[in-house]
Amino acid sequence: MSVALFNALLELGDDHLILGHRVSEWCGHAPLLEEDLAMPNMALDNIGASRNIYTYAGEVEGKGRDEDQLAYLRLDREYKNCLLVERPNEDFAHTMLKQLYFSAFMEPYWQAALSSSDETIRGIAGKAVKEMAYHIRHAGEWVIRLGDGTEESAKRMKEAVEELTPYVEELFVMSADAQECADDGILPDREALRAQWNQTVANIFDQALLELPEVKYPQLGGRTGHHGEEMGFLLAELQYVQRAYPGMSW
Amino acid sequence: EEFLAAFQARIDREEKIEPNDPMPEGYRKTLIRQIGQHAHSEIVGMLPEGNWITRAPSLRRKAALLAKVQDEGGHGLYLYSAAETLGVSREQMTEELLSGKAKYSSIFNYPTPTWADMGTIGWLVDGAAIMNQIPLCRCSYGPYARAMIRVCKEESFHQRQGYELLISLCNGTKEQKDMAQDSINRWWWPSLMMFGPHDADSSHSEQSMKWKIKRFSNDELRQKFIDATVPQAEYLGLTVPDPDLKWNPEKNNGKGGYDHGEINWVEFWQVVKGHGQMNRDRIKARKKAWNDGEWVRDAALAHAEKRAARQTAQAAE
Amino acid sequence: MSVALFNALLELGDDHLILGHRVSEWCGHAPLLEEDLAMPNMALDNIGASRNIYTYAGEVEGKGRDEDQLAYLRLDREYKNCLLVERPNEDFAHTMLKQLYFSAFMEPYWQAALSSSDETIRGIAGKAVKEMAYHIRHAGEWVIRLGDGTEESAKRMKEAVEELTPYVEELFVMSADAQECADDGILPDREALRAQWNQTVANIFDQALLELPEVKYPQLGGRTGHHGEEMGFLLAELQYVQRAYPGMSW
Amino acid sequence: EEFLAAFQARIDREEKIEPNDPMPEGYRKTLIRQIGQHAHSEIVGMLPEGNWITRAPSLRRKAALLAKVQDEGGHGLYLYSAAETLGVSREQMTEELLSGKAKYSSIFNYPTPTWADMGTIGWLVDGAAIMNQIPLCRCSYGPYARAMIRVCKEESFHQRQGYELLISLCNGTKEQKDMAQDSINRWWWPSLMMFGPHDADSSHSEQSMKWKIKRFSNDELRQKFIDATVPQAEYLGLTVPDPDLKWNPEKNNGKGGYDHGEINWVEFWQVVKGHGQMNRDRIKARKKAWNDGEWVRDAALAHAEKRAARQTAQAAE
């Protein structure tokens, strides 16, 4: 059991860490000052959640690994985040859409996790569910503004939709580990959140004058550590100090 | 002249000047310049620390750093708002920053090559900033004074956090302690330069003192900073890179203080004039953010207009 | 003595490695296919030279460090390359100008090193001097084409000149170590190469319709390990595998 | 029809067809498509390996990788030149690549997440390419055949280099050997797919065989590749990820050969149709290089024109 929970927690922790990393890359480079405040906020929420998740994963594993050992000291193929979150920032349209897609999934996920049989999970969920509701609102408003803004912004939003939508499916995929945790009532069933995700996104896309394309060939692989090429560069940065100065505390 | 005298009398009575109050043009201009510079410094100041967010060596430190850089953006926002009460727009101030017309604190033109710099900036740079800014909490212009109260509170938190980061390094391995010492070697003198030229060479000071925009001279503040900081370095077990530094019991009216070596004013002016190691990179980064973000700002505006038009249309039905 | 030579060799080795790294970043992304062949060529020459230099530095040091230990396993502050070579690629104009500035210095440097009192140095110089002559030609032709091309290309060349020229001075700076080696006739006097550099560049700038600005405030610092912020990211990539898998051979 | 028969007779006599020779439109088109695809594959093929140049773990490997990627660019150049002899320009072919009209080898739509992939690509991918290309050295179209002779020679050098890289990993630590095994697990099946669909499902084959553009069927070449490669994997101490793989002494007319498991044709078609993990990233990278480089190409042209005009003017004086 604990192996499945450990792995399923890594899926969750890695999703939050890597998405938080990506959005943190904007810090100091946002298109307007208000977003130089809002994007670090989202990064903080995501990274904050990853810390709680990794800490619990370390406890579940029982080998004495703490949040930093799990966050920093694995190899490319050992990270289990979905491909969506590792996609490069590209422009602000891509970034906001990525945040929306992820939070539109995580909000109902944490909502469902509030009735987990596991007390720690309930605790993590209680905090995260509010944050994700805020991310949906904030990113959703931008998707609407950009989708129904200028010709240029509408074009960029459409490109972002075309490019990122194939990565959504992986959010719903149940790994064997996630399935085991769902069967035991510890973590929510990802499959079951499809309707809610569709509802949230459809509502926003409607105002944003966007259409959700049908995806015949979803992009999968992150959960089994089959990452894209950008991931290695992200990890080289993320891990550099820990790798160059091994075994120190900071 | 009657107006000027009355204005000065208000200042002398320590009354706060508020946005709609009449004020001399020089007072307004001085404040716009100073608050604008201050705001720009917060914005440009996001870059040297932002440089380490993706590479912070622990998640706890990463979160703290993110929050700190975010706070700097927040300070920029209050300060731009304070300046706007004097009739200048944020956009206009931004254009002046990007064109090089407006200045920002030279300290941000030094690079942050190592993680230890995240501690040193908090401790020395924010420390020097606080020393400069505490008197501004009593500045005669109300909105600026109120912004500074909030800023100072957050800055002292940052300063403690930076110092705490250095404590971790100094309690760590030799490599870590060396990294901390190297960082102080690089930041000590630039921090002292943050107080500006010697009083004798400072151009804007006298009038600003009279208007109670400024309350202490550059050299007074610098001395206070040195006296407060040297013992903190000692506590860390680190050395301040000034061979001429020594305790002088006569100083500060017999309370004692540190004599220090001469500041390298050639370097100071080189950086102020735009030729520091990072001047071009900083402005380039800000320009890129501003230019790349133009379509986003345009879209937000266009959307707001569309929405307003729709509401008007609905109301008319 | 050997400490001075070791340090002076690191200055040289790091210059070549880091410049080679930068130009190699173009590989597969060049503006035309011919440059997808020419730029890796320049990278190979630079990196090849750095290998010979590091190998010799390791011998001089006598602590058993090989080329890879010297290239990969130092910290940011220990690299001694001048700031010019670490500057980001920006656009093709910047890249070609950087190559020109560097090779216009190194060609006479290696030429002078042909009469070094040190046999290994003479050997390294013999190979490198021809390569640098080729780099001057290749990069110089591009500087001329771009400087006297379209309005756009002329503007970009001018910007590159304005931006990179302040970094040239550091090529001529004699560290104490370099001075000691020059006094002993092992390595050339950098100061003495100014006229030749000016001649080469003036000749090309003349055809490129460019003017060399006067630099009142040169940018120095690399020789004492005071690098810019881009350097840390470069090293995070360069060193990643060596750091993540310590002590292995490849 | 008389012309077609005469042309076929030349082919059958193993005469080389040269650029200025008359040739059927179908022959020309088939060659343009195939050589173009081949050239594009070399160009796009620079990306997955280029990905590791800045991160190669030793200077020796870094230099070898740079040289290899450069060779691929060189192959692209000869092949575009061979195609140009058929009356199509490089620019036109490039536009077709970027618009998605022209294809390139699907193998390059897989990512290279680890350093071991630099060995595996050399060994398996270049190995499969050589298997496909050796018969092309005898292709009926002269310029293509001659280009392929040069390409094949360099490719076999790359293949040996890749294999040697894997030997180093397999002689290294457990992490290194695991990295090599993981890499083969990811690349084995895509390499088999490089030979194309089963003969029964292959559309262009028959006519190409007749024209001696192609000389062996997809399945024949795939079988040859498997038979050559499996013992090499065994030598490395690595496993080929095919549970159904087994030696069949009956195969190859009693010389023996390997039976293999079924290829995942769903994945094959998904990637061919543009939905592999890296398809969009590859084309995006090429588009960016092309678009960002436009001003350089324009400037080179403008400069050449200016220079030519000056020479004409001088000559006229």
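All chains are identified by letter, namely A, B, C and D, in their written order; residue positions are counted from 1 within each chain.
We adopt the following convention: a contact is a pair of C-beta atoms (placed from the backbone, for glycine too) under 8 Å apart; a residue touches a chain by one contact, two chains touch by 3 or more.
None of these values were measured; they are calculated from a predicted model.
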item	value
Rounded Å distance, chain B centre to chain D centre (Cα mean)	57
Chain centre separation (chain B, chain C; CA means) in Å	37
Numbers and ranges of chain A residues touching at least 2 other chains	232, 236-237, 240
Where chain B touches two or more other chains, by residue	55
Arrangement of touching chains [line / ring / star / complete / other]	other
In contact (per the touch rule at the top): chain pairs	A-B, A-C, A-D, B-C, C-D
Contact footprint of chain D on chain A as seen in their complex	76-77, 83, 163, 166, 216-217, 219, 221, 226-229, 231-232, 236
Complex interface listing, chain C residues touching chain D	17, 21, 24-25, 27-34, 36-37, 40-41, 43-44, 47-48, 50-51, 54, 67-68, 71-72, 91-92, 144-146, 148-150, 152-153, 156, 234, 237-238, 240-242, 245, 248-250
Interfacial residue positions of chain D with respect to chain A in the complex	48, 51, 55, 111-114, 182, 186, 270, 273, 275, 277-278, 280-281
Residues of chain C defined as touching chain A within the complex	75, 232-233, 235-237, 239-240, 243-244, 246
Contact footprint of chain A on chain B as seen in their complex	43, 46-47, 50, 53-63, 66-67, 69-70, 73-74, 76-77, 80, 90, 115, 165, 168-169, 172-173, 175-176, 285, 288-289, 292-300, 302-304, 306
